[in-house]
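Presented sequentially are two complexes of chain A, the first with chain B as partner and the second with chain C.
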Partner chain A sequence: MTGSVDPLAAFFASPTVHAALIVGGFVSVVAGIVGVFVVVRGQSFAGHALADLGAVGGSGAFLIGIDQVAGFVGAGIIAALLMEIVGIRRIQGRDIATGIVFALGLGLTALFLYWDTTTGSTGNAAISVLFGSLFVIDQSVVPVIVVLSIIALLLIGAVYRWLLMDSLDPDLAAARGVPVRLTGIVFLIALALAVELSSLSIGAILSTALLIGPAATALQFTRRFGPALVASAGLALASTWIGCLISFESYYWAGRSDNWPVSFCIVALIFIAYVTTRIARGLSRRRLAAAPVEA
Partner chain B sequence: MIAARDIRVVLDGRTVLDGVDLSVGAGEFVGLIGVNGAGKTTLLRVLLRALRPTSGSVVESTRRRVGYLPQKVALDPDTPLRAWDVVALGIDGGRLGVPVRGRRFRERVDRILDAVGATPFADQRIGELSGGQQQRVLLAHALVGEPRLLLLDEPLANLDPASAHDVVALLDRLRRDTGVAIVMTAHDVNLLLPVMDRIVYLAHGRAATGTPDEVVRDDVLSRLYGRAIHVVRASGRVLVLAGDDPADGIHHVDSLPPGAGVR
Partner chain C sequence: MFASFMINTWTAGTIVAVVAGVVGFFVVIRGSSFMAHAVPHGAFAGAAGAILIGADPLVGLGVFAAAGALTISVLSRRARTDVITALTLVVMLALGALFLSRSSQYSGEVFALLFGQVLGVSTDEIAPMLVLGVVCLTAVAVCYRPLLLSSVLPDMARARRVDPQILGIVFALIVACATTTSVPVVGALLMFALLVGPPAAARLLVKRAPLAILVSLLLTLATVWSSIALAYLSDWPVGFFVTAVGAALYLASRVTAGILRRRQAPAHDR
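The block that comes next holds the complex of A and B.
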C-alpha cells in the first residue's frame, strides 16, 4: 500500500458503508428468498411489472417531496393489489395490452424524472431511481427498510407450505384446505416489498437481477426447497456485500471520478455466479453422459 | 359423505354439466365414466370445491379430509420439490408456518411411498418423473393424510393393465379397511365394474346414475346419448357400442377420439 489510508480499514470505518451493508444485507436476503418462489411459480413477469410501476412512485416521490421509500413501496403495493384484482393469469395472457400499460408506467417515470431534474435540486434523481446506489441511502430510512424486510420474510414464512402446495397444483392446494386466493395475495405483497426494496437498493431497472439471478443460480444445484432458499439468499447476500466492497475499493485504483457504481458491481457478480454454475452443470452433465461409454 | 344436487356448470358460454346428481357414503366406490370432454374432471372439481357450479348445491361432511389426485401436475423439471416433499405436503401442506418434521412424520411418509411403490424415486425432483411415476407419488400424497373422501382423476390413464389392476385392488382394499369414500373418473368402465357400488355415466354434460346393472344398459345409455347404443357383454367385459345394427358399421364409444361424441 502506497497511500496513507488502509483501503480496507476505510471501508469498515465509513458510516455510509455501514448503512449500505445493513440495507443491502436485508434487501438481498429478502430478494433471494422471494426470488426462489418467483422462479418456481413462473411469476418473474409480475416482478418486472412491479419494478416498472414502482418506479413511477419512486420518481413521483422526488417530485412532490415525500420519502423515496414511501414512493416505491406505496406504488408497489397499489400495483400488486390492482394485479390481484385484474388477475395475474389474465394479465400474462394479454401481453400486448399489458405491455402498453407498463410502457405507460415507464413513460410516466420519464416525465417525473424530467420534472425532477428541471424543477428541483434533485439532479441525480434519474440515476437514483433507475440504477440506485446503496452508498447514497439516507441513514434515517435504514430502520424502515429493515422493518419492511422483516415483514416480507414473515409473510413468506407464514404461507410457506401454502405457497408450495399452490405452486404444485392449485386444485391440490384447495383439496388440502389452502385458501388459494389469499395465498396469492400474500405472496404478491411480499413480492412487491422485495421488488421495491431491491429497486431502492440497486435501482428499478436492475432490481429484477437481484430477484431472479441468485434464485436461478441456486436452483441449478439444489434438489430441495429449504437448501435452495438458503443458497439463493446466501448468493444474493454475498454478491451485494462483495459488490459494495469492490465498488468502494475501486475508488483507490480507479480514482474518485471513475469509481465503479455499486449497482454495476452487484449485478456483475450475480451474472458471473449464474454463468459459472450453468457451465459447471453443463460439464458435469456431459461427464455423466460420457461415463457409460468409457466404462 | 358428499352429496351434489342438480349441478349445472357453464364455462365460457358452454354448458359442461347439466342437472347432475351424485351422492357418496362412507366406504362407497363411485365411478365417473365417459369419453374425454364429457365433464368428468369438471364434476370432480365441483366436488373438490375448486370450482363453484353455476347452479346446484354440494353438501359434505368430510371435515376437509379430502384426498385429491390430479391427472398430472405441470411443473418445471428444475423445481426443487422431491417426490418425498410432495408426499409430506399431503400431511401438513394446509398448515401455516415453516415445517418442523420429526422422525415419526418422516417414517409415515416413507411407509406410504413404499406402499405405492415410489421408494426408488423418492429423492428425485417431481418434475423429472414420468407420468406413471408422478401418478404414484400423487396417489401417495392423496392417501397419506388419511382422507375420508378420495377424488381421483383418471388414476389408471398412464398405467399398464397389470398396474391398473393393482391400483384398483389397492383402492378397493382401502375403502373396505378404512371406510374411505372413493370417487374416480375413468374412460373405460371395465376395470371398475367389479368394485363400483354406483356409476355416474356422463355424456354431453348429462348423467345417468345408478348401480352398474341399472346404468350400463341399451335403453338407459341410448336415452343419455340421444341415439341407439348397444351394450355387448363378452367374456366378462362390457363393450358400449353406437349404431343401429350392432353387427354392422359400429363404433366403440369407449375408444372414440377426444371430444368426438357419438357418431
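The block that comes next holds the complex of A and C.
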C-alpha cells in the first residue's frame, strides 16, 4: 500500500467524480420521485420507451451538430405527446400505442446512427448514446441538467393533487372534476424530462432502472404516498452515489486496467435492493400467516 | 435484388416474418408488448457474454432470452408485470454493459444485434433459424386453444382448469424461442417491431382469431419483404424500414377501422 494513492481520497479529489455526484444526485432524486407515480400508474413501459427514445434525439443531434441535451429533451417531449395522441386509456391498448411509437423511434435511431457512422467516424456513437456513463459527462451540461430537473419537479408539484387522485382512482378523479387529460399530459412531459435527464447521465437504456427500481422498492414497504416519495428518492440517490464509488474503486481491484461500468454498478445495487425487500416482505407475510391468531 | 447472395436474406426474413406474425398476434391480445420488447432487447447481453467467454453467441442469446422470460413470468406473480419486466430488462442490459466493457472488439457486432444486419446472412445461420422457428410454431399450435382462451377470457380459462401462471410461463418461453430464432439475424429492434406493429394492425381489422392470425402473418410478411427490398435499394438500415412500415400499417388500419365502424353504426340504428 505504501506509495500508492489512497483510493478514497482519490475518489473525492477527482473533478469527474464531482460532476458525476452532482448530476447523478439531481437526476436520481427526480427519477425517484417521478418513478413512484410511474409505478402506481403502471406506466413503466412508457418510462422505459421515453428513455430509449431520447437516443433518437441524441443521435439526431449528433447528426446535425446541435446540443445533445436539446436533442434528448426535445425527442422525449415529442414522443410523450405522440403517445398521448395515439394513447388509449386501457392499459393494454396503451402499451400497444407505446410499443408502436417506441418501435418507430428506435427505427429512426437506427437510421440516424447509420448516417452518423457513414458521415463521420463515430463508430462508438451507438454505444455512447445507448449506454452513456456518469464518468464521461460534459461539465458544461451540469447547469442545464440542474435547471431541467427543477422544472420537472415543479411540473409534478403543480399538478400533485390532481395526479394523486388520478393515479389512485381515475374514475373518481374524473367525477370530481379533475382535468384528467391535462394531468396525464403534464405528467408525461415531466416524465419525459426526468427520463431524458437520466438517459444523459447513466445512458438511455439504464435510466429505466433509476425510474422503476427505487420506486418499486419503496412501494414494497410503504403504501402511503408521501413516505414512498421520500424513500424512493433516498434509495435512488444512495444507489447512484454508492454505485459511483464502487465503479471508481473497482479500478483498484478489478485486475485489469479497466473499471466496472458505473451503470452496471448502479443497476446491480437497485436490483439487489428490490429483491431483498421482496424476500423480506415474503418472509414477514409468511410469519404473519403462520403466527397463531390471538383471541 | 434477387441475386444469389440475397437468397439467404429472403429466406431468413421469411422465417422471421412467419414466426413473428403468429407469436405477435398473441403478444397483442395478451397486451405483452413490453415483454416482447424486453426479451429480445435484453437477450443481446447474452450474446455479448457468450462472445466474451468464446461460446456460440446463439447459445448465450437463447440462455438469456429464456432466463429473462422465466424471471419475468415467475416474479410477476406477486407484483405488477410492467415493473418486473422493466427491472429484468435493466439488469440484463447492465450485464450487457459489463460484458461489453470487458471485451474490446465488439461495438460493430452490438450494432448488428440491436439493429440487425439482414443483408449479410450466411447459409450456416439458416438451419438453426429454421429449427427454432419450427419449434416455436409447434409450441404455439400445441397450446393454441388454452393460450387463446386465457388471453381473451382469463376467467373462463380458469374455470376450465387452465393455470394462467403456467400458461404465462409457456408463452414467455415461446417469445424467448422466437427471439432466439430471429435476433442473431435481424436484430432485437426489428423483432420487437414485427411482434407489435403488423399484428396490432391485423387485430384492428379482423376480430376472429384464426383469420386474424392469417392477416397478421400476411401483414408481417409484407412488412419484411418490402423492407428488405427498400433496404437493398436505398442501402439504409432494414430496421428503419421495418418500424416505419409497421407504424404506417397500424395507422392505416386504425383509420380503416374507424371508417368501417362509422359506416356500420348508422346501419345498426335502423
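By our rule, the second predicted complex is superposed on the first by the 261 of 295 C-alpha atoms of A that agree within 3 Å, B and C clash if a C-alpha of one lies under 4 Å from a C-alpha of the other, contacts with A are read in each partner's own complex, and residues count from 1 in each chain.
We adopt the following convention: contacts are C-beta pairs under 8 Å (C-beta built on N, C-alpha and C of every residue); 3 or more make two chains touch, one makes a residue touch a chain.
Everything numeric in this text was worked out from a predicted model, so none of it was measured.
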item: First, second, both or neither for A:P170, with chain B first and chain C second; value: first
item: Touched partner set for A:G47, first chain B, second chain C, both or neither; value: second
item: Contacts of A:R223 with chain B and chain C, given as first, second, both or neither; value: first
item: Contacts of A:R278 with chain B and chain C, given as first, second, both or neither; value: second
item: In the superposition, chain B vs chain C on chain A residues touched; value: C
item: First (chain B), second (chain C), both or neither touched by A:A268; value: second
item: Touched partner set for A:V17, first chain B, second chain C, both or neither; value: neither
item: Partner chain in contact with A:V178 - chain B first, chain C second, else both or neither; value: first
item: Which of chain B and chain C A:V159 touches, first, second, both or neither; value: first
item: Common interface residues of chain A - those touching chain B in one complex and chain C in the other; value: 39, 42
item: Residue ranges of chain A in contact with chain C within the complex; value: 39, 42-45, 47-48, 91-93, 95-96, 98-104, 106-111, 113-114, 123-124, 126-127, 130-131, 203, 205-206, 208-209, 211-213, 216, 256, 258, 260-261, 263-264, 267-268, 270-271, 274, 278, 282
item: Residue ranges of chain C touching chain A (in the complex, touch as defined); value: 28, 31, 33-34, 36-37, 41, 75, 78-80, 82-83, 85-87, 89-91, 93-95, 97-98, 100-102, 107-108, 110-111, 114-116, 189, 192-193, 196-197, 200, 236-237, 239-244, 246-247, 250
item: For the chain A and chain B complex, residues of the former touching the latter; value: 36, 39-40, 42, 157-162, 164-165, 167-178, 219-220, 222-225, 227-228
item: Touch list for chain B against partner chain A, complex; value: 45, 48-50, 64, 66-68, 70, 73-76, 78-82, 85-86, 89-90, 92-99, 123-126, 138, 141-142, 145, 151
